[in-house]
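Below, chain A partners chain B and then partners chain C, in two separate complexes.
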Partner chain A sequence: MSMYQNIFKNIITVLISVIIVTIVLFALQASPFEIYATLFDGAFGNLDKLSRTMLITSIMALTGLALVITFSAGLWNIGIEGQVLFGAIGATFIARSFLGNLFIAPIIAIIFGGISGGFLGLLSSILKTKFNVHEIFGGLGLDFLASGLIVYLVIGPWKREGIASTGGTDLFPEASWVPNIGNYNFPIFPILIMLTIFILLYFLLNRTSLGLKLIATGLNSNATEKFKINSSEYIAYAFIIAGVVGGIAGSIQATSIYHKLVPNISGGYGFLGILIALIAGKNLSSILLISFVFASIMVGGVQLQLRLGMDSSFPYIIESVFVLAWLITRASNIDYKIANYIFLRR
Partner chain B sequence: MGHFEATIITIITMSSPLIFAVIGETISERVGIVNLSMEGTLMITALIGFAVTVTTNSPYIGIIASGLLGGGIALFIVLINFRFHINQIAIGFILTILLWKLSSYLGQSYVRIPGPYLDIITIPYLSKIPFFGPIIFDNNILTISSIFLIPISWYFLFKTQLGITLRSVGENPESADARGINVRKTRLLYATLGGILIGIGGAAFSLHVKYGWSESHTVNYGWIALAIVIFGGWNPIRGSIGVYGFGTLQILALKLQSVTIGFSQILPLIPFPLMILTLVLIQIANKNNGIGLPKLIRILILGNQPQSLGITYKKNV
Partner chain C sequence: MQIEFQNISKTFKSIKANDNICFSIESGTIHALIGENGAGKSTLIKILSGQISPDTGSIKLNGIPLKLGSSNEANIKGIGILGQDPLDFSNFTVLESFVAGNPTSYFIFSKKNVSKKISTYLTQFNWTINLNALVKDLSIGERQQLELIRLLDKGTKVIILDEPTSGFSLEQKEKVFETLKILAAKGFTIILVSHKIEEILEICSKATVIQKGKVVQSIDLPTEPNNLISLMFGTQDLKPTKLSNISAPIKSQEITVTIPASFNSYENLCPEVSPLIQIPKNIILGVSGLQGSGADKFIQTFQINPNNISLEDKSLINKFNTTYVPSDRLEKGLFPDMTIREHVALTYNKKATVDWNEMWDLSEALIGKFGIVGNPNSIAKTLSGGNQQRLMLSLISDSTELLLMEQPTRGLDIQSANYVWDNLISTKVNKVLTMFSSTDIDEIYEYSEYIICFFNNTIVAHGYPIDLTKDITMQKISGN
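Now for the complex of A and B:
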């Protein structure tokens, strides 16, 4: 299949999925076209909204990119949510320490957040390779461990002066906030981080022997073992890299959005990243595109509540139905057949 | 009725939804299907059970509706897996998010409204038995059946021919197929049965333990049940011990609430470290078949996950 046919096939899959989402919205007695228009306006209506959309895009893309690495190694990294949370914890640790007042504090916080996330990824891989704990159960366990740790920190050692509530810690010193550009708070640094990591991971997967071995492990770990490739080692690399990238997403949440640690600081973007990665598969560049679309739906979704008085669950319903429809369309080969039919007839 | 007895009754009553959910998932995983949608399934079936109960004014119709919906969701996962070979984990994960969010949208008009309760069924004479009588024979249908479900499902899984067939499909579908067992039919049947039980578990929340509906009514219980299935080593009795243990912790947390703030917030997270620990212990113990370990510990931690759990079965033609 040529490249054009492939693009055409993707467009058909998108169209079919959007039609299914539209039908579901009709079935829920919502008016789809009003929703789409509101979402569009809510995500791109002015520069403030666009900035917000780009900020969320960068965070969702990071979790999605992290998951492509583990998907490539054949792993279900459901622990991504915990890795994001650990990243936020790591960043908070730096921001609250004496380093938090330095002018390079955001950089240290993000790096340390990445390390913290990578640590949790390492734990997932140890559970998987040393103790044969399936990464789904190990990952879920670590997710809840991480959220337990945050609740503990927020109401315990890091509680606000005098008050122990789940509302969050004190605000970070302003030196550790990731600065935005212009009156519209354009999130230039999160976007740069996203692009840098995209390029690094692209290089890693396509141009290094580590990437090749990682993909080989994902395709058939029994076969790679016969080529003297220690698959446990590459599973560990995949989890650590994913953890670092997820951790960076979490530290951006902490230093750029909340400026403090709150219990649900991940915003569920780890789990949404899994939805994104289910569509993108092992394709890094698709992650950027899908993250942008999904972030627009999330940010635009705020307007659904404000303007149309709709439930806050709609962005999630739209996204999950879309992913389900996408996977089924892909697996049923309908898109392939339609693309072929149209191309062959011409 | 003594204080101790009352506490036991509370624990057993409170635990009934998780008993249904854990045993349902255990049966499903034993036949090789991971129903990862449990968090979402519990949420939507809790809503439907309550909504149907309020509409029809009969909790029993509500329970049936929840069971049917739970079974339908499981059937959907299995059929998609069979027809399109899409990974069970992927479908389950998407459904978790979808059903959870759907429940909060569809449930808006049911938030904190009153409705009819389940009747207490008192079986004459038997309810007079000291201690066990009031627990087993003087309770509502959901609690009573949750207690009976434990031995029945254990006996079915481990002591009947049908149970052996079920487990063989989960362990090694290829050899089961070679023995003339219809793998897909078996998986379809028991995964759906498991889904029905999970659905009834959802109804047990909204019609009994946590009466009514509010947004994210059963939040985290699906994941907790998933953890307890593993903690229970895919065995209904061990799983139920896990559920009652968790119930005991919940009661403790209620009593300690005034002493330690925050324990009740950390509590829902406790099953997860325990689950990881169990999995690690199972692995260590299985390495040398538990030789050298005391018998009691062997019974408690031996037993590995069904070998073809979550793996799509493709019949060689």
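Now for the complex of A and C:
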């Protein structure tokens, strides 16, 4: 299936899912079109809202993309949450150091954040391959370690002058903030980073020997020996790459949104990334699409409560119905059949 | 119960697994069913126990026809199998496993009653097994004993033992055999499927030899062991081998194969077997042994430790010029969900990036050269066994110096098997050594220039076919 066909298939899946959500909304005696209009306005109504939606999209997409790599290698990288946190810690370290005042500080912070996340990923792989700790347990342990470390840093060595609160560290020097273009706070750089990483990972999985061997390790680890693939090595690569991408997501949170380190800086996007990756099923372009839909519902959903007086859980209901509809559509292969049918007719 | 097989035939694809089988088994006897691997024993057993139905033929129990093709029916008539692997629950205690494995499982059961029932059997057979021990802590022998009790408790009257003694200690074997004799004397009919001649001679009163799906003969026991062996492996048509290796071996001994110590633990039994094998280059080395004899394990050790093979000129055999081709094609040999092109890229692409167009061309070339039915985008698991094997052959890179083939023709039809051998023979000159294992003694003698015999995880003999004749090999691999 070509890349275009793939994108086309994704669009069909979204359409079918939206139809199903609409039917459910009718059944709930809500007015779907009013809800969609409110959601749309809430998510894209003005530049501010659009910026917020796109920023959340890019962070969700990054964690989702990271997980496609580990899922391709047959690994459950539960440690992604910790890798995001480590990324934020790494970025904070740079921002607080003498480098934080440099012109290129955001770049260094994001790179170092990626390295920090990659380091935690490497630990997961070492635990798995050297000490035989399943990656789910190892990852969960490292998640706790990372969140413990953040709390320690925030109320300990990196606390604000005179106060020790979990409210976060001092704001970073402004040189370390990811800049905006002009007066708009549109997240152009996070989006560019997301797209760059998407292209790099697409290339990695589809055009490189490393990507092929990584997928092979995930498909049948019994056969790797025959093909002279050192599976431990490729497990390590998968974890490091996922860790770097997760770490970059964390450093964007720190340098672009909070401008400081706070204990819950990951915003749960690591765990959400697992859900997104599971829905997308190892498909990189689906990750972007689903992240975008999730972010839109999340940002626009606020307006449902404010304007239509709906319960605050309503956006989650829409989100979960969407997820179910997506999964059912994918499992039934209807989207594939329609995409194929239309492509063949052309 | 007297069992009568009448004209049983069963064909799988084009292979006649059972060909007009007729013989009978008397009530109250222990009857041996012997033959090489693939002779058709298992098929016959599966037909008797209702797991598969034959194409033609019938089975009569005490003169009454048995409804074939229904395992339920076989169960009701009291036919039970004691397989090679005990069917139990390893994390349960003996008692729990027994209850769980009972088809008429009790909704509420009394531990006391069940344990009393098992104990009755245990005292009757003079066995001792702790009922509260965990199943996983028992030996294989003990687990098989429990399995036998479970069968008897179910009301089994015909007990089929399908090579049950692999993994038994000598003492346990004696105990079980003693019990079998008692059961036979009580009127149970026991069928022992085995290729261990000594066992058969020890307890069976009659043996039916099956070869290539046909009954060769049913003979009364005891008899000379050699007599059984020659029946089992067929008439000795010593056709000239393809490699004319009957001529005297070349004396330039360039390769030394060191036998890993773990395969040489029988010191006392085989003092004459040397732990070093010295052979010329570019030959095909056959490792002969029945299923589970250790021949495959022997092949595998060289994948992990290729430096057990050393050359006179000190050139190196290492992991990079060793290629291992496992017999489990989809388990260990290929990636079932990957395409031919992806396999080709995994093997031949030495660059960091993959040029899929180049790989497409290379795949097409290999598909043509090796006659694989498929295209570069065919997924491995959708190929037939023969084509999977051809794909594996196509993935042996030219730099291979040591080729390890585990049962290279297992499950292949004759045409594919011939293709595999033509390929191996034509490429052997480019390699230092081609080593293969096989359970088929004819295949060993047709293609090997040097032969190693395995029995019970030990090398029991090795030599050139001119010294180590087919007769000797047959004796050796059956443990005589």
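Going forward, the second predicted complex is superposed on the first by the 262 of 346 C-alpha atoms of A that agree within 3 Å, B and C clash if a C-alpha of one lies under 4 Å from a C-alpha of the other, contacts with A are read in each partner's own complex, and residues count from 1 in each chain.
In the analysis below, contacts are C-beta pairs under 8 Å (C-beta built on N, C-alpha and C of every residue); 3 or more make two chains touch, one makes a residue touch a chain.
Keep in mind the model is a prediction, meaning the values are calculated, not measured.
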Winner by number of chain A residues touched, once chain B and chain C are compared: B
First, second, both or neither for A:Ala216, with chain B first and chain C second: second
Partner chain(s) touched by A:His134 [first = chain B, second = chain C, both, neither]: first
First (chain B), second (chain C), both or neither touched by A:Asn183: neither
First (chain B), second (chain C), both or neither touched by A:Asn46: neither
Contacts of A:Gln29 with chain B and chain C, given as first, second, both or neither: neither
Intersection of chain A interface sets (partners chain B, chain C): none
Touching residues on chain B, where the partner in the complex is chain A: 34, 36, 80, 83-86, 89-91, 93-95, 97-98, 100-102, 104-106, 108, 223, 226-227, 230, 261-262, 265-266, 268-269, 272-273, 275-276, 279-280, 283-284, 305, 310
Interface residues, chain C side, partner chain A - complex: 303, 319-320, 324-326, 331-338, 342, 345-347, 349, 351-354, 356
Of all residues in chain A, those that touch chain C in their complex: 207-210, 212-213, 215-216, 219-220, 222-223, 225-229
Touching residues (chain side chain A, partner chain B) in the complex: 28, 76, 78, 127, 131-134, 136-138, 140-145, 147-148, 151-152, 155-156, 164, 166, 271, 274-275, 278, 311-314, 316-317, 319-321, 323-324, 327-328, 331-332
